[in-house]
Every structure is written in C-alpha cells, then in structure tokens.
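What follows is subunit A paired twice: with subunit B in the first complex and subunit C in the second.
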Partner chain A sequence: MSEPLELSKKYQHMVTQCSRCGFCRAVCPIFDITKNWATNAGGKMVLIKEILDGKIEPSEGIAKSLLCCTTCMNCTTNCPSGVDPPEVIRATRKDMVNLGYDNMFKAMSDVIAKTGNIYGEKEKYDWGHKHERAPYVLFVGCVGTYREEESVEETINLLDILGVKFTMIDEVCCSGVLEDVGYQAHKNLAKHNIDEFHRTGVKAIITTCPYCYRVFKNHPFYNGLNLELQHITQFLAKHDFKVKTDKKVTYHDPCDLGRHAGIYEEPRQIIRKIAPNFVEPERTRENAMCCGAGGGFRGSSPKESITIARTRLRKIMEETGAEILLTECPSCLHNFRNAKLRRWNIEIYNITEFIGKLYKEMDVRKNVAA
Partner chain B sequence: MNTMHEFIDIVGEDNFSDKIEDLIPYSYDASINVYRPDALIWPETADQISQIVTIANQKGIPIIPRGAGTSLSGGVLAIEGGIVIDVSKMDTIIEIKIADRYATVQPGVICDNLNKELSKHKFIFPPDPASSSVATIGGNVATNAGGIKGAKYGTTRDYVLGLEVVIPTGEIMRTGAYTMKCVSGYDLPKLFAGSEGTLGIITEVTLKINPIPLHAMTAMATFGRLEDAGHAISETMTKSNLIPSVMEILDKVTLTSIRENTPIELPECEAMILTETDGYTWHEVEAQMMVILEILKKNNPLAIKTAKEEKERMELWEARKTAYATLSRISTGVLDDVTVPISKITDLLTGIQEISQRHGLIIGTYGHAGDGNLHPQILYDSYNPEQVKKMEMVESDLFHLAVSLNGTLTGEHGIGLSKADYMGLEHDKVEIEVMKKIKKALDPNNIMNPGKMALHL
Partner chain C sequence: MEIEGYNFPEGLYYEKNHFWARVEGDLVVMGMNDYAQLMSGEVVYVALPPIGKKLTQGKSFAKVESGKWLGKIYAVVSGELAEVNEELEENAKLINDDPFGKGWMFKIKPENMDELDNLMTDPEEIREWLNAEIAEHGVAS
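The block that comes next holds the complex of A and B.
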C-alpha cells in the first residue's frame, strides 16, 4: 500500500505558503452561501496543514468536508500567496479515498465503469450523424447526452445549417471528473473514445463540454489522441451567422472554459455577432463566480449547489437586466435551468443552442411570410 | 439539557457546529497563533447573541467574537477554548442616510461591499485596510482598523458615531448618536472601537461617511538609500503644509517579492514611496502633488513617475495591497505594525534593517509611512526551532525599538495574543490597572474574548 497522504505531501509547500490573508473568502461560491470559513479555500489549507503536520487524524468527516469545493479556481486566480487550492484539495481527496474513507463517489466510479456515463443510464438517444468519414467529430459528453438533450439537438441543427461536415461517435464518459473527487479516470473508457475518434479518420474533435475538452487536452490517458481539439466556441468563432437578436444578452463564463482552459474571447466574438445588445455581468471573465456545479459539488451537496446557481443567476439578472443568459457548458446550463425560479424573466441557453433556435425562428417567419 | 443544545435551540442546527473539521480552520487567523474553540455559532440577530451571551456568562463559557478572521495578532483565537461567534451572516446594510451623512450596518458587512453601495451616492467610508475585500465592519471597529489613508483620513474609530453592542452580561446596549458631534456622557463607541472583542459583541454600527474626493493623482519615487526615502517622508509630512491622502513606503525585499510573483512591473531600488493627493478639482490635486514632488526631488530619488490614469494608479495600489501575501510566498512571516512619531520614521526604517542584519533573518518592510506606521514582515522557517527563536528575538527588538522612539507596539493590528507580553513595555502600571478595571466592570466573569490585551495578567 502506498504511504498515507502521499499525494497531499507533494503540496506541503503550498499549504505552508497560504498566508491566511482570507482574500479567497471574497470569491468562493460555497463560502458565499455558508459563511463558514471551513468551506473556504483558506480553511481547507489549514485543515490539510494540520493533517500533514500530524496534529489531527484523517476521518470520514474530514473526507466529506473536503468535498466542499467546486474546484472553480477563483481562489487560485485571486490568491496573492500563489496557492492553487483546488489542486491541493484534489490530491487530499485521493489520499482520503486511499485511506478507506468512502466519500460517496465510489458508486459513481462504479457506475461510470459499468455504463460509460455518470448517470448510470442504460439507453441513449441516437443523434444520427454517424458517418464513416468526416473532417470533424462532435463530442457532447454525459450532461449533454442525458440531461440537456434539447441543447445538443439545437447545436447539431446549427452545425447542419452552417454546412459543417461532422460525425458523431459511440461516445462514453471521458471520466475525468473522477480525478476531481478522489478517484481515477478509467483507462478503458479513454481507450474506447480514442479508438472511436481514430476509426472515423477525423482531423479534429469539437467538444460542446469544456470539461471533456480539458480532459482530452490534459489527461495522460488521452496522450495518444494526436488530433486537433477545439471547444465549440473556438470552432464557431470564425463563422458568420445570418441571425441576430434584439434582446439584451449576457454571458456566464464557465469555470472549465474560462479559468481552467483560458477561453474567454471566442464565446464573446460569437455573441457580439448575433447580439448587439450584449452586456457583461459585474463578475466576469477571470473573476466570474461559479455556478456551483463543478468538482463533484452538485453530486455531494445538491441543495447547496442549486443555491449557488440561484445566487449567481439572481446577481446576473440584477446587474445586467438581461433577458437572455448564454453560457457554453452543459453543466452550467443544467444547474442554472434547475435553479431558475418560474417567475424570473430570463431565458438560459448554451450559445450554440441559442443560435440554432434563432435560425429555427427565422425559418418559421419565412414560412409564415410565404 | 446540555449547554450546546441550548445554543442550538437559539440559532438552529445549521448555525452551530462542533465538528472538528469546522473547528480546525477557526483555530487560526493570519497570525502564527493556533487555539481551537469548542464550538462555532453563526448568529443572525442581536437577540440571538444576547441569549447566547447570557447563558455563557452564567456558565463561565468564553465567547470569542469573530468577523473575517484576518486578524494579524491572534485576537480572534480561543486561547481558553469556548464559543466562537462568527457574525458573517449578519451582513445587511441597514440604512444609508446621505442627508445626515451616516450609514448603519450589521457587523458582518464587508468593507468593500459597503463602499460599493456608498459609491452609488458618491460617498465613501475612508478607512481602507489591505483586507477590505473580505474584512467585516464589525472586525474593523473591534480592531480600530486603519489602512493606507490613515494620515489624512484617520482610522475606523474616527468614523464610529454609534454602536449596538451585546455586553458580557447579555444585555443589549445602544450607545452614541446619529449626529456629527456628541459629548453626551462618556464616549463609549470610541472605547469599543479597538477593544478587540474584550468588552462585548458589536451587533450594529453607525458610521460617519465622507463624500468621495472627485480627483486623485498618484506618484511613485524610487530611492537608492533607505534614509533618503525616510527623510522625504518626514519632510513631506512636516514641511509641505499639506497632508497627502496616502504616503506609503515599500523596501527592497518587498518590491522584489512583488516583482517576482506578480505581473506588476516595479523598479529595482532600495525603497519606493507611493503617494497620492486627492481633492475636488484637478487644480487642487495637481498643486498639492507639485509641492510633494519638489520635496521628493530634493532627497536624491533615482526616478519619479506620476500616474493620473485610473488603471495605472490602481495597478500601483494593487502592488501595495498584495505585499503581505506575496512576501509569504518566500516563507512564513510574522507581520508587525510598529508605529512611531513621524519625525522618527527614518530611525525606525534603519533600525529595522539593523535588527534584520543582527539576527540574520530577512525582513520585508512596507507600510503607511505618512502616519509613522510600518509593517516589518519577519520571514522565517516555522518548522525550524532555531529560526522560530530568532524570529521571537527580532520581534522583541522591534517592539523595544519602537517604544524607545516614543512609538507604540501596534498602530492598527491590535495587541491580541501576539503582543500581550509587551503591554508593560509601552503602558505604565497605572494605565494597565485602569484598563483592567474597565474590563472587570463590564465583564466581571471574564468571558468576553479572554486572554487578550494582557488584561488577565
């Protein structure tokens, strides 16, 4: 058996480097709703420090407490001491699992291994678009496939309208999320996806999910991919669209797309083409607040996750007065839609879904006129 | 029924914790002290706090009030165990009354959030601690927080008009007034400001607010000798016939750490002065700055640069605000806040350098030189007993130096635990006795933040 806390020890210097200045309190989506210092990055650095210094013993409670982080990296971006708390927390979560503390994600790991998706769904909708040869493959991920199907449908519709030649594969979960919650990605699933990509002979992969994008780009299991990789916003940024909306539109930067992948400009390039009345929220780009869905937090604390999404959505509405909130992440989309109160006068879409919808409306108008 | 259940009945289960994973983080603040409380409570009303304190007073349970916990002196730590009362959930801005120039807030309101709301009315609460993005107003009052604008705009105490406080017996007291002036009885709001939670829990604060100066201009001057920077500061504060809104100094160690750890471009030099003038017309702001620039020029600067553009100015102030945390990237640090009369600032600067060399520990120094308040940050390896001992000797020497220069142990961080042993160095026996009598009169059972400010010794 490996040494206890082996992974966390690699980050001892970072834990010591935390000056407890508390600046992370201002940007943490979980602290924002709990006001409990223990749920914040600085609090967790202290907790991990005491474990590493041998002052306290790891426990089930500590393992659960360490799940209170969406790994949104807002603390990292704003840490003047140069600490990367999500990186440290991920390592300690793994140590906790190795020490035998089941942090409730073992079941998810098993389900992913068994069914190839995070929800354990046995059947999935067939989107068609299975071609033997195409320049691009569209990868839509678990949340898109099983929870935000309408969004995926509109995205496919848009790509068809734009004349993009693409294929879809028999995709399985990238399984990267397991690395966030104490477990490891499944190599056989990665191999399945890689084999599928190569089988189609495509030159590039387009992902709608920024998390899958990150995993394909950074996880060693995908080292053999050797294919161009684009998030759908990068792919569409160079396209022109024949539709526009007069409505007031705003944009939420998904953490996985923004702080994790550094993609801020492309979504805005697309939005400016279709929405002249575009307005930024106060906390945006590198400082955008998280929707509360990431890092396994939606799974471990569903109620709080929705509260965070509701808080973010309410702020965006107050600050911008927008009628349309766009984002480009199935998880953000899913959390916001679940969090939206019926009486709130705002519609929420992925960018691609929204453009697809505008095209559809234009067609309807044309047909009526004809 | 045990006491913890009584507390849960008052605030609800969601607002109480005695889980170790919650208690550990609350064993720390930004100082080097560590003391674990027995339980944590997040009250939502003054009435809840009153009920909790009443029980604690009857049973002799220590109560430790806490805001954002950015304290640098151990002031929010449970040295005798007990209950931490975290007021972060009491974060409502109750009233902004521009017509009468005051704002009333709950103690958990974040300093920057108050200023964001005030700015909509072109008003400001001027004290500006580096932690303003997270520091709570309750904590600011309890520690009499200062900041970079102290020389011209004073500290939190100067803005406290009125308070609502739960005193150690559990009674709720309203003190002060909504007026700009008030000599009606003892000035209790001013006593509670800076009392470090030893006299009660602040549950509401009425603050004087100022109109925002419409214009500001920043200048940066670099020096090859620390003494030249020190003289420039003393001269500006005493001979210019004006008070700059800011007069900050950063030494070589601090500048190097900021330069190496942030994208901010800073010059290589022994010391840098950052100064700002503000006012209601450009003419006024520029005229003041011209006077200061003349003084800076007379003191052998390497370079002088002015910044009028907001972005350029903000970048320089950002550099200053990150000093503490960027220095901590080098190693663990103890941050002090010794303060001396302005004419002694050069002696303090050179004295700190001498102490650093004598003990062989790196000290990064920066601070609000315009009001004589410096922040020497002692860098050491907290896992090395020899270095820990050296750090303690350095700190002792710093305090002796400050007091020998007619200064004080602490300009704005407070005594807390870190400086409690040195109270006798600065205060005579009679004064300490008076402080103890005040404490005893209000808190006969010594339950309110016990062990702080040497009031128990």
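The block that comes next holds the complex of A and C.
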C-alpha cells in the first residue's frame, strides 16, 4: 500500500513527539464544548499516527475530525513536548483533500476564484477613499468588507480624524485561509493585490485583519511585496487620542494577532491611552482562549463556533465585569457579536471602531454645548 | 398550500424578499418563508434590533446568517418594532424547524394595516413570482 499521508518528516516527527499527556485539552476551545478527545489536538495526533502506522485507514470521519480545529495555537503554547498541532493538522488536511476527501472548502476555493471574496458576495460597499497616490493603503479583508462594514466605517472615520493620508484599493481576498483548510491560496489574487499596492505608490500597508497581516507577511505569494506592513494596532500605538472613556474596558487577544503574530503590547498601549479603567481577562495574552472563528471552523461548524464565542464572552464578563469588550480582528468581532445575548450588558467593538465612536460622541457633545 | 413543493400556508401575506406576514391583534408578525429557509441552510444567527426601531416597508433592518449565507431582513410593513423572538438568540434553527410557528422573527406595530395589501396572497401570483426566483437562484439541495 502506498503511504496514505504525505506528511513531511518534520510533521511525522511532531506526531511521535506528542506524549498524549492531554494538557492541550484544557486550552482547546472545541474540546471545551464537546469534551470529545478526537476534536482536540492530542486526539488528532493519535489519529494521524495510527494512519501513518497503517493501523487505521483515512476516512470521511477522520477528515471531519481534522476540521475541528480553529488553529488558535493555544495547544502549541501549552504543549510540554514542543508539538505544534495546528501545523500538523493543516498539512494533514491537505493530504486528506489529495486523497479525495473534499471537506466542503473546495466550494469556497471556487467561490474565491470567481468573486474574489470568501462569501461569494457580488456587491461590495464602497467607502470611497480611493486615491491615485498615498503613503498608506488600508486593507480591510473579507470579513470586514462583507460582515462588519459598520466597524470598518468607524475605523476609516478615526484615520480621517487623525489626519492619516491613506487610500483603499480594489482589494480581493488574500486567500490564505485556503491553506488552512487543505487547499492552495490563489496566486492570481495575490498578484492582483500586489499590483494594486504598487500602483498607488504606498510606502506601507495597514491591515485591520490580523489574518491578512499574517498572509502578507508570511505567504510566499507575497514575497515580492517589498513594502512595510503594519497591523492597525502597530500603526496607531504611536498616536495620541483626544478622547477617553470612564467605562470598564477589557480586551480579547485575537489568536491571529497574539499567538500567531506576537502582537500583544500595541493594542494595550492604545487601550491604556483611552481607557484608564482597563482590566485583563484571566486567560489573556498567550493564554487567551479562542473565539472559535479561525481555521475554517466558523465555515464548517458555524453553530459550534458561535457557542465557543458565547462561552468565551460569558467568561470574560464574569471575570472582568467589563462594560466594553475590545478586540482588533473582524472575525473575532463578528463571532462575539453573533454570540452576545441581548440581556448581556456588554458592548463589543474593535479598538479603532471604539475610538472612532468616542470621537463622534465628543463631536455631538461639542455641538450640543455650542 | 404547497407551491412548487414549498409550504405557503393560507391566510398569510407574502413579500418578495422571502418573508411572510400575519396579523395578530393590532400587530403584524413576520418570519422567513419556506423556500428561503431551505435555500439558506441551517440558520445560525439573527440580529435582533432594539424594540422601538422604526421600520419602513421593503427596507432592510436586520441581518440573518446561515453557515454559507448572510441575508438582509426586510420589513413587511412600516411601523415600530414591537417584539423580537428572543428564543432565536440561542436557537436560530427554529427558523428552519418551524418557519411559520416557533420560528417567527419579529412583531411590528404597523403604521397602516393597509400596507398589507401590497403583499401577495393570490396563489397564482405567488407561483409566478416563486418560479422566477427558482429560475434565478435554483432549488434547495
């Protein structure tokens, strides 16, 4: 029999490195709601090892089990054996697709190729802000463009207030998510974005989406970018703001921004400037629990994904008593907003959206006073 | 009544963005029709705007989301949002399970009940409109 999986030696070694201690269970957002070992990292390492050893055959069930991972990396951070399960899982998902186990994301790959976005939306809100030349380009990604438009609008409003000279481009999906779910990113879409960036003569790209940030930074298709890249929290960390809130504020570290990109300080630097009453959740920074939206899990298991966000949100509320939850990731924002119950007394914003809103409120107060 | 294999209960009003309306006392109840709930797949989220929100017939005022689709919700009549189905917050699938019953979405205090006359009740008119929708969007798989 030919090898069922083509995992590289590096990943095969990682699988054998797993000591099956189960420490990953306590930090896995999916295990947290299922209590099913096959849905967390250790369980998957066992399944993959048994396939590699020829003890079990790949199957539809295993392909589905492999989709139960948000690639949040909390297991990686907490693994005493140094295993990086999301990397192994991503590679195995590709093998399973190559073996013919279509995991529903083939359709998404086709939709991205056809429409340039993950949702297959045909119409896009136009925020204007299209200039021939500018020092910065603001890239907002699919979730911001098609699911959290109002948040993006406030972010744009904030950049305008701060006098940032930026342009927006005819952006298409970075398509990096396809690499998480067993498929390949689309090179022609990357080329489109790169051409657009260069056409405007920008010196730096500012992304609101930490996932797009990671793709631009790490994916080989974007190697020719040769432009400075900043997540919007990095860009704004140096700025001062003329607004503050007295409300109790907390912050959720997006996995793509924190564990994946190592950006923990900048969001906090911004928040401390505008919210003196800032409190951290118990599980925070590199130990922050995932909102449940990543790694294709929101697409493959939307109901469970929202349940994870609701669990995380409930914990944050209990632990902090905060009135405002801030984050800076359109996917986290969208999932938390979907998960929030009406009776819960908490408002959820991206940091930049919240500051934009504070400026608007200040203007209203000034107008009333005048 | 069944039209092209989809359930369109008699006595309801149907509008062309795939929502139904029913008079309940001085309120108008609305929800998603059978074709739309089947086409969208399992509904996972419905935005429930604040009570008192002003609505205009035919204008969108909220969003509904399934795993593969996000749609707008359009007001069946103009008026004020009087009640939302809070059960949908934790069990949006009620829209799939019982679209004309427990899966109701909103109750509106209408400005003018006569606006219901703008909606469809005639089976032949509904059939003609539905066939055009099926031709454009296909049938639920």
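In this section, the second predicted complex is superposed on the first by the 362 of 370 C-alpha atoms of A that agree within 3 Å, B and C clash if a C-alpha of one lies under 4 Å from a C-alpha of the other, contacts with A are read in each partner's own complex, and residues count from 1 in each chain.
By definition in this document, contacts are C-beta pairs under 8 Å (C-beta built on N, C-alpha and C of every residue); 3 or more make two chains touch, one makes a residue touch a chain.
Here the structure is a predicted model, which means the values were calculated and not measured.
**Q** Identify whether subunit B and subunit C fit side by side or clash on subunit A in the overlaid structures.
**A** The answer is fit.
**Q** Is A:Tyr119 contacted by the first partner subunit B, the second partner subunit C, both or neither?
**A** Once the two structures are laid over each other on A, A:Tyr119 reaches subunit C alone.
**Q** Using the superposition on chain A described above, determine whether A:Ser81 touches subunit B (first), subunit C (second), both, or neither.
**A** first
**Q** Quick test of understanding: once the structures are aligned on A, what is the angle at the Cα centre of subunit A formed with subunit B and subunit C, as a multiple of 10 degrees?
**A** Roughly 110 degrees separate the directions to subunit B and subunit C.
**Q** A:Tyr146 contacts which: subunit B (first), subunit C (second), both, neither?
**A** A:Tyr146 sits against subunit C, while subunit B stays out of touch.
**Q** Using the superposition on chain A described above, determine whether A:Arg133 touches subunit B (first), subunit C (second), both, or neither.
**A** neither
**Q** On the A-aligned overlay, A:Ala26 touches which partner chain: subunit B = first, subunit C = second, or both, or neither?
**A** first
**Q** In this superposition, which partner touches a larger number of subunit A residues, subunit B or subunit C?
**A** Between subunit B and subunit C, B touches the greater number of residues in subunit A.
**Q** Report for A:Gly299: first if it touches subunit B alone, second if subunit C alone, otherwise both or neither.
**A** In the superposition, A:Gly299 touches subunit C alone.
**Q** By how many Å are the closest C-alpha atoms of subunit B and subunit C apart after the superposition?
**A** Least C-alpha distance: 16 Å.
**Q** Quick check on the complex: what are the subunit A residues that touch subunit C?
**A** Spelled out, the residues of subunit A in touch with subunit C are 119, 146-147, 299-300, 302-303, 306, 338, 341-342.
**Q** Within their complex, state which residues of subunit B touch subunit A.
**A** Within the complex, subunit B touches subunit A at residues 17, 19-22, 24-30, 40, 42, 68-70, 86, 88-89, 91, 108, 110, 112, 131, 133-135, 261-262, 321-322, 324-326, 328-329, 332-333, 382.
**Q** Tell me, which parts of subunit A touch subunit B in their complex?
**A** That would be residues 16-23, 25-26, 35-38, 40, 42-44, 46-47, 50, 56, 59, 61-62, 64-65, 79-82 of subunit A.
**Q** Would you tell me which residues of subunit C are touching subunit A in their complex?
**A** Subunit C residues touching subunit A: 42, 44-45, 48, 65-68, 70, 84, 86, 89-90, 93.
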